[in-house]
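Chain IDs A, B, C, D, E and F follow the sequence of writing; residue 1 opens each chain.
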Amino acid sequence: MSLELLVALGVGVLTACGVYLLLRSRLFDVVLGLMFISYAVNLFIFFMGRLATGRAPIIQNGVPATLTSYADPLPQALVLTAIVISFGMTAVLLAIAVRGYAENGHDHVDEDGDRS
Amino acid sequence: MKRMFPQPLISAMLLLVWLALNNTLHPAHLLLGALLAVAIPWWTSRFTGEIKAPRIRQPLTIVILGLIVLFDIVKSNIAVARLILGPASHINPAFIWVPLEITEPHAKAVLAGIITMTPGTVSADFSDDGKYLLVHALNVEDADGMIAEIKSRYELPLKEIFE
Amino acid sequence: MIANLAVPLSHLGIWTKYAVLFALILFGAALLLAAWRLFRGPDTADRILALDTLYVNAMALTILLGIVFASNVYFEVALLIALLGFVGTVVMAKYLERGDIVE
Amino acid sequence: MNASLLLWMLLLPFAGAVLLLLVDNNHRRRSAWIAGLITIAGCVLLAVLAAAVFDGGMVRFRVDWLPSLGVAFGLRLDGLAFLFALLILGIGALVVLYGAYYLADDDPPARFYAFLMLFMGSMLGVVLADNLIVLVVFWELTGLSSFLLIGFWRHREDARQGARMALTVTGFGGLALLAGVLLIGRVVGSFDLDAVFAARAQLQNSPLFMPILLLVLLGAFTKSAQFPFHFWLPSAMAAPTPVSAYLHSATMVKAGVFLLARLYPALGDNDAWFWIVSTAGLATLLFGAVVAIFQHDLKGLLAYSTISHLGLITLLFGLDTPLAVVAGVFHIINHAVFKASLFMAAGIIEHETGSRDMRQLNGLWQTMPITATLAMVACAAMAGVPLANGFLSKEMFFGEALAVDTHRLLTFATPIAATLAGIAGVAYSLRFIHDVFFNGEPVGLTKIPREPPRFMRVPVEILVVVCLAVGIFPAVTIAPLLAVAAQAALNLPGVEKLPVYSLAIWHGFNFSLLMSLIALAGGVLLYIALQKKINLHTITRLPGDAKLLFDVFIDNLVVVAGWITRITQTGSLQRYLLLILIAAIVAGVAGVWLAPSPAGSTAATTAPANMIAVAMALIGMAASIGAVVMYRQRLTALILLGATGLVVAMTFVYFSAPDLALTQLLVEVVTIIMMMLCLKFLPAQSAPQKNSFRHWRDAVVAVIAGLGVTWVVYQVLTRPFNSISPYFLRTAVGEGGGANAVNVIIVDFRGLDTLGEIAVLGMAGLIVAALLRNMPMQNTKLGAPDDAKVPGNAHRSLLLQIVAALLLPLAVMISIYFYLRGHNLPGGGFIAGLVFAIVWILQYVAIGRFNVESRVNADYATWIGWGLLVAGLTGVGSFVAGFPFLTSTFKYFTLPVIGAVPIASAMFFDLGVYLCVIGATMLVLSRLARVNDPAGQRQPERTP
Amino acid sequence: MIPLWADILIALMVVLGALCALIGAIGLVRLDDFLKRLHAPTKASTLGVGCVLIASIFYFTFLSRGVSVHELLITLLVFLTAPVSAHLLIRAALKDSMRNDRNLPPPPPPPNLLPPG
Amino acid sequence: MMAWLLKHLPVLPIVLPLLGAALALLAGEKRLATQRVIAAASVMSLAVAAVLAIMLTASGQMSVYLAGNWQAPFGIVLAIDKLTALMLALTAGIGAVVLIAGQAKPATTDGGQNRIDGGTFFYPLFLLQLCGLNGAFLTADLFNLFVFFEVLLAASYGMLLQNADRARTNAATHYVVINLFGSALFLIAVALLYGVTGTLNMSDLSQKINATSGSSRGLVMAAGFILLLVFSIKAALLPLNFWLTGTYGRALAPVSALFALMTKVGVVAIARMLTLLFPEGSAINGHMSNVLLIVAPLTMLIAACGALAAREVKVLIGWTVMASAGLMITAIAIGSPMALSGALFYMLGSTIATALLFLNAAAMDAPGAVLTTGAASKNNAWPVIGALFFVGAAAAAGLPPFSGFIGKTIVLVGATQHAWMTWVFYTVLMAGLLTIIAFARMGSRLFWKRDAVVAPVYLLPASILAAALLALTLLAAPIQRFTDQAAIEMKRPQIMTGNVLGKLPLQPDKKAGAAK
């Protein structure tokens, strides 16, 4: 098994887990699902810059500034942004979950979800 | 003085930490580290609340205690490894209450820490009045001996250091 | 193959090189065992303990990888794993004990 | 000069409408005067312009409106437009006068007249339009304003319904007309009338001609209430009578026949036109006439009569000969005049008796002789009795009906049908006269009938005089007007002559006179026979009421619409998400599948997986699958999530992304803390989902999604890569001033991303804070504390307190370290901020919320504000040096002893990030922590 | 270039650290109740970390020809926090066990609360 | 001053509201008056910037801005073309109206707030909403577009949850979850495009996408379709429209009015996709246009059905928002310059009309605003509200004299040369008819069946919007000239590409510390 296949499988498993949880009926479980999806997406973005082992993009004197000497820094920067944003949005969704529970008396994602 | 250096010990530690973090003794970092070491406690000290900063009496004892603890860690690790890898039936765990003489909170905390770090024992809790330390031991053959060893080996030096 | 790291190890001494490869295998095994406890439970406290162990081992592994990659930049990762493993364990244990972490 | 007068003529009514809406509703006279003066002013303008028209010329106004569409705001006053404008303004003026007496005290007069003016303006727009798009605009406006007028008595259900029906049907026609006009535009390349007329051959030879014709005729027929689109017109009788008099005699319904006249030169004179238009006209003519006989409502009778006469006019245009067109135009005028007077008479009767029901109204001759006389003359015109204007055009119609010779069937059918319609027309006219003014005594009237106020009758009188004047002296009164109008309708250039026609009353004894006589005699006989055989008063309902069909249609439409809506809006988030997921999978698969060569060879540059990577991957997969299996135990799921996150962080470590590893670790722990804070509030266990089909379905979708992502990642990873990234590696140090390329990208190359990112984070904090205020707490599990929450201090751990207090300065130091060195080594403002926030929240855990917030200023929202401000101002700072936003700069300052100290603008930017992250994170955590205590009033607790 | 003695020392520390970690993990799996299991990783792993840190100190000291001491910080952190984690975990486990009727042995009451005699 | 303004023009619509938000936050929750002044100043300066942008682009120029002074495709580039200028102006205009409306007395019973804008963090969130919208319109970078999408979405969550109650919380649950998942898809698509092409700038992407071959083409197309899906969610295209009515119908009225802009972001993004990222001539453009030509007209029809079936007026308006998005995307998919121009023209009118209707809807069923009879008959706003509803409904249903009719007509003219003309005509006109019926039913039920005595709420902002609708008709000539040119510009992506990729950073001693 190649490293590429391994990481691809890893992203796939995270995606599948996230998707399954996303489709649950309780908001907290949906948040869990979104967390997994966000892990998967972050890794997805990250791997779009290809795999690089032991080549952190910290520029060192005398090392040629190419993608063979350093990992691609751009996807890393994108992932950072994505992580932060999904972090903030998770906070919002959690607060909504709390508020919704207080308002509805249940934590179903639909307003009258527990009635049906 | 007290207002500028609310926690002199912490400040000293912070300076060392700064230098260690940067792996350097460069004067710029000395200055910056010193600045931060003064500035940070100025803000963080307000969180400590009623727990007063400790006063260290015998710095040398710290080194000795440190070496003792290090030795004990290594030694008892081997013993625990044997317990783990050996047959499970040999293990005879138990809770033990260790009566405390020290009262200084930091001293008690360090004692609890040492007991946990030395394998075979984990400090679980203090009694509500703070006069006993509950220890869980992995393999107890002689409870009183164990209490005595803790008291002499660790509590005594701590008492000297903190009180 | 199981120890092909796809990075040059020439910067390591000969002893260290094999020690590192061996250690990586041991760490891998340690991590898998801890993960087994994490999965198996049975109590929540066991899982928290297993997670704490995973953190500690991951920290050691990170330092080891720093040696493998001859790079200082992983040190801070290890530092934060240490800090965050602690915070995570504290929070989970507190929740398990009290049902609430900030009172 | 003339052109601007034309524009003013059009604008006046609109200006009047606005003026009227500003007038207080309580002044009936003032409103009527305004409306009247406006209308008269319009008449005056028209008179001024008349000279030009009667000279055989045309008045035009033109201003660019939608240039690229070729739509100019063009107006034209040719003969046809003049005729209609005269009807609109003339009858309009009479209606204004009439309305002043008709309206009740509680009817808001200003609104009434405003709507009337609006309608008048729209109608003028239709007839004056020189451009088809402009025509459609005003066409739709007539629909809108008639909607308002018909629904004027809004408290009445029938008025509301009638208004809606009129709007719906004519709106439908209007849209069809729009489509037809657009197609004309496509064929002709212009919407200007001249161009359209000129392109007659091109139009009629176009493959699009049939659709164009059908669409345009649909517009005309719906407006002119041609069978089977007639049903809205009787319903519209719920309008106040002045409105009916105006809309259903001279204006609204005439818009349809006006359109026929207007576009006859372009679309007429071919078989399709002949068959469609004449058939529709014929059917409507007969249908309306017959049904009219059986109405009990005066206005109902007039309405069906109107339908019938509109059918007649339509039939005339359909007969497709120039002479028929002349007759059509002539009948437009005549019908407008007598029908307006009849509606007004009906309104007077209603006004003075309180009823319109012919079963109640009897013998009014006794009490209202003048009104009765006027009505009888007008009825005679409607019936086509000699000496009234209706007779002349009806004669011409009969003549044209006889002249149909091109088509075998119609050669016989048309005259017969015309005669039959004539008979019916005489019959219902007779019923109007006999049933209202004679036929015994009134039944159950609420008012005692008497003559109306003097001036209420004046408009009727004027119209009746016109009827007679035209009927007796056609050559003097109407001939010039008819000539210019017909000329325009046929689009004959000035030199070409109209077909020869005679406006004399007496043409000698010919077939058409015979038909008139048959109609008169037959009509009388028919009415007598009907009254004798089946007392008309006993008929309660006519079969096949199209209005009911329409109601049923609309009701069903709403039902179907609701049904469609419910299919797309189930209200189930799970379904929505499933739908999006499936759509995403389909989108991805379709993309790959549609590509020219899917899944080709890949230049694999693979490395084998090693032991540690496999172990890590296994742990991550196991933990995430475990979380899925045990998701109902929420704490367990969280622990497993934590393990997964750790593996993700280790993946970043392994694949050379220390910054990501740091961020991932921090974010994950903070997230888990947030989730735990929520869990004290939410159920600790998820409710079971029993539907096992759902589980399997979701699992299948999840697996497909996972496989898809796996495939894509593998595809990308195993192919060569060219990227813009080497640029960042090359310039990070020299131009970005930092060795950590990732950080340089974040604060410099893509600083704008980061600015947006901290704005998002800051907002997240604000939203959480806002949302957790004023929470209703009665539904929550905090309402009933369980045994886990024992009050008191015994739970506080001394050990934790001491260590947390010790960690705080240590971690703050580490945080500042991360912040300061982030540009060159892993770290940066975000990581630093989260480290800071984490030890801060640790204090909350260790000593409780109150103890923390009483010791430090916990106004975290302000931190966010400062963060955004500092970051934003750093960006703006580069303006000073004349460089774009966020342009970075760095300088080395050499200080004694210390040496070179770098100061980079990026650091200030990162400071903003730092502050914002701390503020947002702390705001979220502290607010989640105080959910059970929203007011923040919990008492302090002593620490042991 | 790293001298041989340092090479061997580093290698030793690395292997030792890994072994400690492994033993801790084995204990975590093998021992049969939570309180026993707690002993294994809290210290074996900690010691393992210590060993690897020592290896790292030596390695980077020789690699960069300057003393590398920041690993000591991690050591400090670990020694500071590990006892607290264990202590809180025991408290949590005991409470959880009480709540859910699990089979952990409850600790005896503190001696000063025992009935006299 | 002017030169300076023009030089930094593209970044001002982002920075000004951002700084305004920061200042409003620092002013503190208690100082509402200060916050209002800050917000008003920000919005006014935005309006100035928008006017400048319109003037600049009308003179045939395009303004390209290198944020951080980094050349494309390496840095983030902002660009003002005519489309952007138009959207900036629309945003500033709606923003100004919402600002006025926000100061109204509450139109809802809940919250116990004295004012709408007295809700929690109203002004910071409002200003950041404008920042996000402007950023999304301005950016020429695909990932930066994602970021600004998130900014505007996050702000919209906050705005939706102003004065949160049960209904709003439940609406937010669906809205947020769907959008979070949408964001994940967005990221996947952007990342995949990067993974294949190695760039993020849209112009550069466009060129590199053209150069892809073989199996990479499939990956690019997959990414393109997923991106289209994401934007379709934002634009509420069938079958991804379910979130809209609940969300728009439940927010505070000024917030709903602001949300009238939100679907337009999706529409503009789709327009950029089909004109810049995958311009005409590429294989993917054809596929996408075909899909959209099926989906968008159906959206119109279904939305019109929804409007017909709607029982609440706010829900009805929500459906018309959806229908208008359907029309615009139909026009974009047709792709002729005329259709594009019509879509832009229509966008102006429909946005204003729906904003007007939302404000009006709140004013009419404002229980807090109902006066007791007697004292207030003089002050009764009911007839005015009715008139405003009539204007808004006519405009939204595409009836003349309001601009909806003009926009729709231009679109239809633009469709006459297209192979799908009949289908487009049929759906557009049927949907128009159903909308007319729906509004007639709703209007006659609301205003004719009952009489109410209500205090004037939102009358000023709603009247401004009504006047704007009329102005759109009267000034149709210059506006259409502008949208025509905008459409032509969109059809020639090489103009944008040349400007964006050709813009050079300021050179002289750019980096003070470069020599180290």
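Here, contacts are C-beta pairs under 8 Å (C-beta built on N, C-alpha and C of every residue); 3 or more make two chains touch, one makes a residue touch a chain.
Because the structure is a prediction, the values reported are computed rather than measured.
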| item | value |
| --- | --- |
| Those chains which touch chain D and also touch chain C | A, E |
| Lowest number of touching-chain links that must be crossed from chain C to chain F | 2 |
| Farthest-lying chain, centroid of Cα atoms versus that of chain D | B |
| Chain closest to the assembly centre - both centres taken as Cα means | F |
| Which of A-D and A-C has more C-beta contact pairs | A-D |
| Approximate Å spacing (C-alpha centroids) for the pair chain D, chain F | 17 |
| Centre-to-centre distance between chain D and chain B (centres being mean Cα positions), rounded to whole Å | 74 |
| Inter-chain centre distance, chain D versus chain E - centres from mean C-alpha coordinates, in Å | 70 |
| Length of the line joining the C-alpha centres of chain B and chain C, rounded to whole Å | 24 |
| Overlap residues in chain D, where contacts from two or more other chains coincide | 571, 573, 577, 607-610, 614, 638, 654, 656, 658, 679, 709, 716, 721, 723-725, 728, 749-750, 753, 757, 760, 763-764, 767, 771, 788, 799-800, 803, 806-807, 810, 814, 825-826 |
| Two or more partner chains touched - positions in chain C | 5-6, 24, 27, 29, 31, 44, 48, 69-70, 73, 79, 83, 90, 92, 94, 96-98 |
| Multi-partner residues of chain A (each touching 2 or more other chains) | 3, 22, 30, 44, 47-49, 53-54, 56, 58, 74, 81, 85, 88-89, 92, 96-97, 99, 103-104, 109-111 |
| All pairs of touching chains, each written as two labels joined by a dash | A-C, A-D, A-F, B-D, B-E, C-D, C-E, D-E, D-F |
| Chain A residues within the chain C interface of the complex | 3, 53-54, 56, 58 |
| Chain B contact footprint on chain D (complex, rising order) | 794, 798-799, 801-806, 808-810, 812-814, 816-817, 843, 847, 851-852, 855-856, 895, 897-899, 901, 942-944 |
| In the complex, chain B residues that touch chain E | 17, 20-23, 73-74, 77, 80-81, 84-85, 88, 91, 93, 95, 97, 99, 112-120, 122-125, 127-129, 131-132, 134, 136, 138 |
| Chain D-touching residues of chain B, taken from the complex the two chains share | 7, 10, 13-14, 17-18, 21-22, 26-28, 31, 36-37, 40-41, 43-44, 46-51, 105-106, 108-109, 112-113, 123, 126, 128, 130 |
| Residue numbers on chain D that touch chain E, as the complex places them | 787-788, 797, 799-800, 803, 806-807, 810 |
